[in-house]
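Just passing along the structure, written as structure tokens.
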Amino acid sequence: MIEVTAGWYMSLAAVLFSIGLLGILVRRNALIMFMCVELMLNAVNLTFVAAGRALGSLEGQVSVFFVLVVAAAEVVVGLAIIVAIFHRRETASVDELSELRG
Amino acid sequence: MILAQVPLATPYVSWLAIAPEIVLAVGAAFVLLVEVQFLPPIKRLGGLAAGVLALAFAFSVWQWIRVDELLSAAGGPDVVNQLLPFGQMIVLDHGSVLARFILLTVAGLGLAVGWQLFERLGRRGAEALALVLLATSGFTLMAASTHLMMMFLGLEVGSIALYILAGITRDGAASDEAAIKYFLLGSVASAVFVYGVALVFAATGELNILGARAFLSGTVITRPAVLLIGLAMLVVGLAFKISAAPFHSWAPDVYQGAPAGVVGFMAAAAKIGGFAALIRVLHTAFPSLLDEWAPLVAGIAALSMVLGGILALVQDDVRRLLAYSGVTHAGFILTGMVVGGAGAADVWFYLMVYAVQLVGAFGVVAVVAGATKGPTPIASFGGLGRRQPMLALSFTVLLLGMGGLPLTTGFVAKFGVFQTAWQAGFEWLVILAVLASVVGFAFYLRVVVAMYMQDDDPAVLQPRRLSRTVIAVAAVATVVFGLLPAPLLELAANAIPL
Amino acid sequence: MLSWLIAAPAAAAVVVALLPRNRKELYLPVGILLSCVPLAIAAVLFFEFTAGEASFQFAERVSWYAPWGIEWNIGIDGISLGMVLLTTLLFPISLAASTAIDHRVKEFVVSVLFLEAGLIGTFLALDLFLFFVFFEAILVPMYFIIGIWGSERRIYAAIKFFLYTAFGSALMFAGIIALAFFHAGQTGQPSFAYQDLLALDLDIVDERLLFAAFGLAFAIKVPMFPLHTWLPDAHVEAPTAGSVLLAGVMLKLGTYGLIRFNLGLFPEASVDAIPIMATLAVIGIVYGAVVAIVQPDLKKLVAYSSVSHLGFIVLGTFALTSAGLQGAVIQNVNHGLTTGALFLLVGMIYERRHTKKIADFGGLWKVMPIYSGLFLFSAFASIGLPGLNGFVGEFLILIGSYATLPVFAIVAASGVVLAAIYLLWAYERVFTGVPDKPENQVLTDVNAREIAIMAPLVALILLLGLYPQVLLDKTSASTEAVLDRIQAVTDFEVPAPGRLADLYVAGGDE
Amino acid sequence: MNVEVLVPLVIVAPLLGAVLLHFLGRWIGEPLAGWAATAAIGTSFALGAVGAIDFLRGMAEHGSTIVLWEWMPAIGASFEIQWDPLSALMTLIVTGVGTLIHVFAIGYMAGDERFARFFTYLNLFAASMLTLVLAGNFAMLFLGWELVGLCSYLLISFWYTKPSAAAAGKKAFIVNRIGDFGFMVGLMLVFVHFGTLSFDGVLDRAGEVLSTGSATAIGLLFLVGAAGKSAQIPLYVWLPDAMEGPTPVSALIHAATMVTAGVYVVARSAAIFQEAPAAGMAVATIGATTALWAASIAIAQTDIKKVLAYSTVSQLGYMFLAVGLGGYVAGIFHLMTHAFFKALLFLGAGSVIHGMADEQDMTKMGGLARHMPVTAVTMGVATLAIAGFPLLSGFWSKDEILAVAFAAGGFASVLYVIGLVTAMLTAFYMTRLWVMVFGGGSRWDDGIHPHESPRVMTAPLVVLAVLSVGGGLINTPFRLGLEHFLEPAFEGISIAHPPEGIGMFLLLAAISVGAGLVGIAMGGFIYSRPREVWMRFQTGFGRLWELWASAYRVDDLYGASLVVPGRKVSEALAFRVDLPVIDGLVNGVGRVFKETGARSRVIQTGYVRNYGAAFVAGLLLVIIWLLTVGGA
Amino acid sequence: MIELVVFVVMGGAAIVGALAVIFAKNPVYGALGLLGTLFSLGVFYVMNLAHLVAAVQVIVYAGAVLTLFLFVIMLIGVDKDEDTAESLRFHRPLIGGLAVITLLVGGGLALGGRFDWVPSAAGPETPPNGTVEALAARLFTDWVLAFEVTALLLTIAAAGAIVLAYFRRDGSEPVE
């Protein structure tokens, strides 16, 4: 009988986090990059919940709430920025925003 | 029924401990509402914001006095509660109050030197003002927090406000680019930070910094991989905020693209918040792992000084130059952290000094940017010594201060962190750092050369008296406290974390 | 009193800065006048100074920031006395020689006066932290003096000057920090006070490293071969006052530092370093002179001659003999006077002809007899003609060095020959013959102001040449103290000056 | 008057004269400035004479040391004056001859626009030379030594608008400096052995302190210095060029006084040389070689002053020969008589040049005796004196030197023979000179009207002629006046003497007189004939004569072997090493930084995902560090 | 046993969804992939007794956030394939290398048994039940300050959205 311990969930979270991080590196659509950030935050949430269960602590679940709020706030601002940029340039590819460099 | 079953232990509420933040938040809301309701001229709102900052500062002074009282008191549970109110989420100690002093000062100076921008923003100026106030409150909370989630929230409050400020003018490609880059990379860094929080939580069962410290000092962790990865992520997330190499790549682009009027504030506030948090994380939570993280911090410091210095050498835009110089400064300040808690005083002094210089310097940049309609190549500072002698002199003092020339605060600050690091046995880092300071002179002098030794740029500058005065004050402070640093040093010496 | 000596020029700078914008004509005269105040203070100091006492006099010591152990710790002894006098003297002179500065006069005067405050501070500072503060701070005014009021390649020269010297001092800074912590390690209290650090007991490896750190800073400042290349650039581009102060005073920081700090604090390492330092010094002497011979530019020629002359000082310092060290100390002053005089003279002709190229001149003696005479006088002082000051220092150094560094002293003596070659050849090309270029025929001889500028230098060159005792009398106790310490701490034997010499000196006194 | 007040005034008088004339010369004007200068040095002579009376009386035998003030006590150097018979004698020669030359110069320099300045320099020279001879320690001696060099420089290039004069002055100083280099190193050795530079401290103890090796080293180094100042091989090349200066200068500095300083130094350092026979022999050898070498050059010169210049070099060689062999009295004796007749010769030459409107080429002279009788007669006397004509001053002094060499035996015998040959050559070229200038028919161009010089110039000639005739009588084998006079100065020194006995004296005298007479006869015989005859005589020597005439091309040799390569080295160092290599390295460091920066810029690509990659890379590094090196 | 099956199935779904996010050329597919992942995580929350969190996850994330995303995708019309040609020369190998290193580090640690996700000694064996009451009790006592701070966040977000994305209808900027 294999018990699914918190470690399993946290390993999964780690994988998801890594995928999200990798996504930032490979994509150039601002929206999708942003989704990757959401993916990473969700991985964090899973970690919190799983760890909280193993530790017998509610703090993990409480933390998830705040991460959620932060994610929501980020979404609002991030999408506003993307919309504002699209308003002027008709693109969501951040590759086209690479004037500043060096 | 349930309430009866679970007697709620009301946390200790200390209004004084969060009075500055309350003032800032209420003030911000007030600014927004007044703007909507009365459409006052932006100048009024600016006055209002200044008043808010002043009031918050006054509360901070009160806090400082109170902390002195509490620390000298006999002790007991009440004192602990007052020092660690709100379920020990935040702390009222010298470090946090000092951070408030600095952040509030920086915000005030930032508003003054960038005032032209707020006027230019028109109706949106109110939002910008509110955001500055809110960002300030976020970073002060971050500095005061003794709880990792609280720290994360403060970080986000501050950072998100800054993302918005970076894109607030909407007047061109550069601003857009700065905003989106700052936002995307900043979000990633935040996610990394909070993942670190989660991992530390998993490894220690504690979100509270003091709790984690207690746990770590009492427990031998046999397989600390999770803890170490968590620590790494915390450090990296904060290293991003303070723009230490190799997590600095956003800084030059954002500094260059964001509206000149707020860059000084942005840069300084993020650095102060980041370092305050770093002190809490490294010095308060993980002193037991000093041997592990000290070389790491030293390595980041070294890379920051070298890479920042070398890249700053070849910049043509003053804002990018200052951004890369900011990377080197992150390195210098980190140098002071390798010793552990005792180095905090030197770090605080450095932050104090550097923040004021940075804001003052960007004030000058803002003046020039106002005349050039945006870009600030070094050549646009040509002949500033003739065109605006006082401004140029102030800028020179500030730049040399950042370079760490003796007789300025910059030197005292550098000396402080260097001697600390030397004491900690990081001689190699100090030697690298002194050499990096010389490289620093090399790029700061390029601007000085332009101002005094090269042909005039044709643009006509119209610095406001306010910003001129504030910049001059920053320069004077740089010299005066460079000669008589004792008061500030003593102030900073209090700020060694609990 | 010493604090006032530092404060006076700084205050003067502030006063000049506050002069109204519409009274441009006042800047320079007021600056000159006010710069005489430190001179007066220094003069009083000189006469009040007790000869034969090795300790620091007029010392002041106030804590600056106690937790770090930094102090406002100043004092004067025989080694710094001459340098302070020279500094205060050269400043009014170089200001008076700056009438050709035609733009941003106020800034110029202010820079110069701040430079003076910094230089005096450097010579007086006994706290190493304070010393470093002054040592670095003076770079800025000098940087501006070269960079704003210099000639064509001024920016290049100014930046090179600043960075090169700042680079040198960077490691010294690390060394200073290290010293303070060695002190903390041994006594529990960090201290930067020279007096305290003398008592340190350093591990030989540490001591060598520290010697290297300090030595590099000073070697660049001196400048010693092969670290000298900033000097010709800086000199050539700097305005007259800049060159005078650079050569006259700033370079002396290097030699002064070597004596005060390297010999004083790291005696054992100093003894170990003798071969290296002496070799570089001697190479500098010969190399500087040889390179000077073919320089096409008068200022460059004088600049390379400085490399050569300062090599003598370093040689004398590391000979570790009574005569050598005395020679080094007094040669510090002498070189300031003679090279200062030469730069002033080059400046005068540059103001008239707007060229410093030797090839552009010829036959000036005919049209400018007094000027030519002054130049010849200064040149011979530089060549080391006995009876003039340059001889006293070099002769003491050479004679003194032979006891411990015979081969080096012999090679160094050839520098004396080379000095005659480059200066007299230049003199021949510039002054003798018939003035065949029309621009040279209409040159006017020196005016009263210029004579007044040169007069004190000429007088001192003669005085120190004929009666150096006026200074040596007050310096010898301090130099002896340095040697005594080295003798006490290391197994180096400072050669006795000879019993007979003592006898005869004593006899001479009666 | 007290000696301690009197003697310092000997120096002060001309010094005051120089200072006075420097500032007021123009105002005083001509010829008063000249007379003032003459008065100054005349006073000096008088004071010196008064001060020397004690020595003549045989009182105050040991002399006295007068300390004026301290100079460099660390090396035992004060301003102190040594007043003993040797310095007294030198003082009298310098001031005596000097006074005469001053007088002469008043006439010679008449009309020069820098008349007063000339006398300033002359007075300054006198003061310097007196400092040299009166110095009480080596440092002060070196002071005078260098100051006379300075004056020499100033006076040679007195007519500085003439490039050759300026170059000659420079050359003189630099060549002298090369000698000084040796002298200075010698002084270093002295100091390191004695701990002082004072004569008292050094010379009294030379015997006990110095080993033979050290003494030899010091002696040889002093020889280098002396060879520079006294124009000996290989450093004599400056002296012929120095003739660019006004003729009174040549007479005073480059014949009578300054160039003898080397001889004086060797004599003064007798105590050291006594410990180092090898060094003494080196001095003698150099002297004898120089004597012959210079004489051979002199015979082929046509410039009247060049002949005299090489003659001076040659005669100085004699003095070196003497002092090198320990014949200090002989050397000093010859120094004195040489001062008389060589000053006379130069002044006479000056008179001729003056009368010939600045013509110096002897081939364009001839038959001047008619026009310039006083000059002709006085120069004739001097010529006979230098040729060693019996009973004239040169006869006594030169014979004594040759006799000393003969008596020394061994290798010195070779030197004796060389001296003898030189004596013959001397007689030959001097006669040649006199005959070419004053004898035969005139060869000068039309438009030149030779005339006798004014009284002010001829009077010194007459006085010197008298001295040249009678000056030798103070030290004859029959009455060793000078030797007795000088003895106190050479206490403890064994002075070399001629062989004892009147017979020996007569024999040696006969030999040398014979040599002289042969020379005189040859010179007179050949050069009184028409020009073609002596031209044929000269061409008979072929290339050799050309070699002599070109002074063995030593200047060219030095130029090609030292000056040109030296300059090449200097240029190479300055433009190929200093700028590109050393400075290039410095700038290279800066460039490396900038270059690195410029290349590093590409990592800041401007692409967010790229920045993200850097971030992740950093994160991984941090993690790996903590997991491996730093932590678990 | 059931937990294992659920873990494997939903875990697989979560990973597939995540991969869809980063590899789907069309943003809409990406958003749907994210939806899948979020939903899977909701299931895990339930299994970990985080009931309230699971509910919020579905309501807030899947309901609000993702809808907003899709809305913006549609609004700005980027619902088309992205150009995937790489313009940076060294970028692909770089991220490839980073991915490999990440795998190596993670795999190495896992195989080496060096992961100890939570200290085994810590915590009671009774997992906390994330009911509304339990969470509320925490939120409004010790966490109350944090809770209040979220107000700041939301204020900022609101103000930011207005400032950044509000454009006058006539297209003219209020300032410039």
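Of note:
Per-chain numbering from 1; labels A, B, C, D and E assigned in written order.
Definition applied: a residue touches a chain if its C-beta (ideal position, glycine included) is under 8 Å from a C-beta of that chain, and two chains touch if they have at least 3 such contacts.
Keep in mind that what you see is a predicted model, and the values were worked out from it rather than measured.
Number of steps on the shortest path from chain A to chain D, with steps defined by chain touch: 1. Common neighbours of chain A and chain B, listed by label, are D, E. Between the chain pairs B-C and B-E, more C-beta pairs are in contact across B-E. Innermost chain of the displayed assembly, by C-alpha centre distance to the whole-protein C-alpha centre, is C.
Chain centres computed from CA atoms place E at the largest separation from chain D.
In this assembly, the C-alpha centroid of chain C lies 36 Å from the C-alpha centroid of chain D. Centre-to-centre spacing of chain C and chain E amounts to 69 Å, using the average Cα coordinate of each chain.
A straight line joining the Cα centres of chain D and chain E is 101 Å long. Centroids of chain B and chain D (each the mean of its C-alpha atoms) stand 79 Å apart. Among all residues of chain C, those that touch two or more other chains are 163. Each of residues 590, 601, 604-610, 612-613, 616-617, 623, 627, 632 in chain D touches at least two other chains. Residue positions of chain A touching 2 or more other chains, listed in rising order: 6, 10, 20-21, 24-28, 33-34, 50-52, 54-55, 57, 59, 62, 66, 70, 73-74, 77, 81-82, 84, 94-95, 97-102. Chains touching one another form the pairs A-B, A-D, A-E, B-C, B-D, B-E, C-D, D-E. Chain E makes touch with chain D in their complex at residues 88, 91, 94-95, 98, 101-102, 105, 109, 114.
Note for the complex: chain A touches chain D at residues 21, 24-28, 33, 94-95, 97-102. The residues of chain E lying in touch with chain B in their complex are 109, 113-119, 122-123, 133-134, 137, 140-146, 149-153, 155-157, 159-160, 162-164, 173-176.
Taken together, the chain A residues at the contact with chain B in this complex read 6, 10, 17, 20-21, 24, 30, 33-34, 37, 40-41, 43-44, 47-48, 50-52, 54-55, 57, 59-60, 62-63, 66-67, 70, 73-74, 77-78, 81-82, 84-85, 88-89, 94, 97-102. The residues of chain A lying in touch with chain E in their complex are 1-12, 14-16, 18-20, 22-23, 25-29, 31-32, 34-36, 38-39, 42, 45-46, 49-59, 61-62, 64-66, 68-77, 79-84, 86-87, 91-93, 95.
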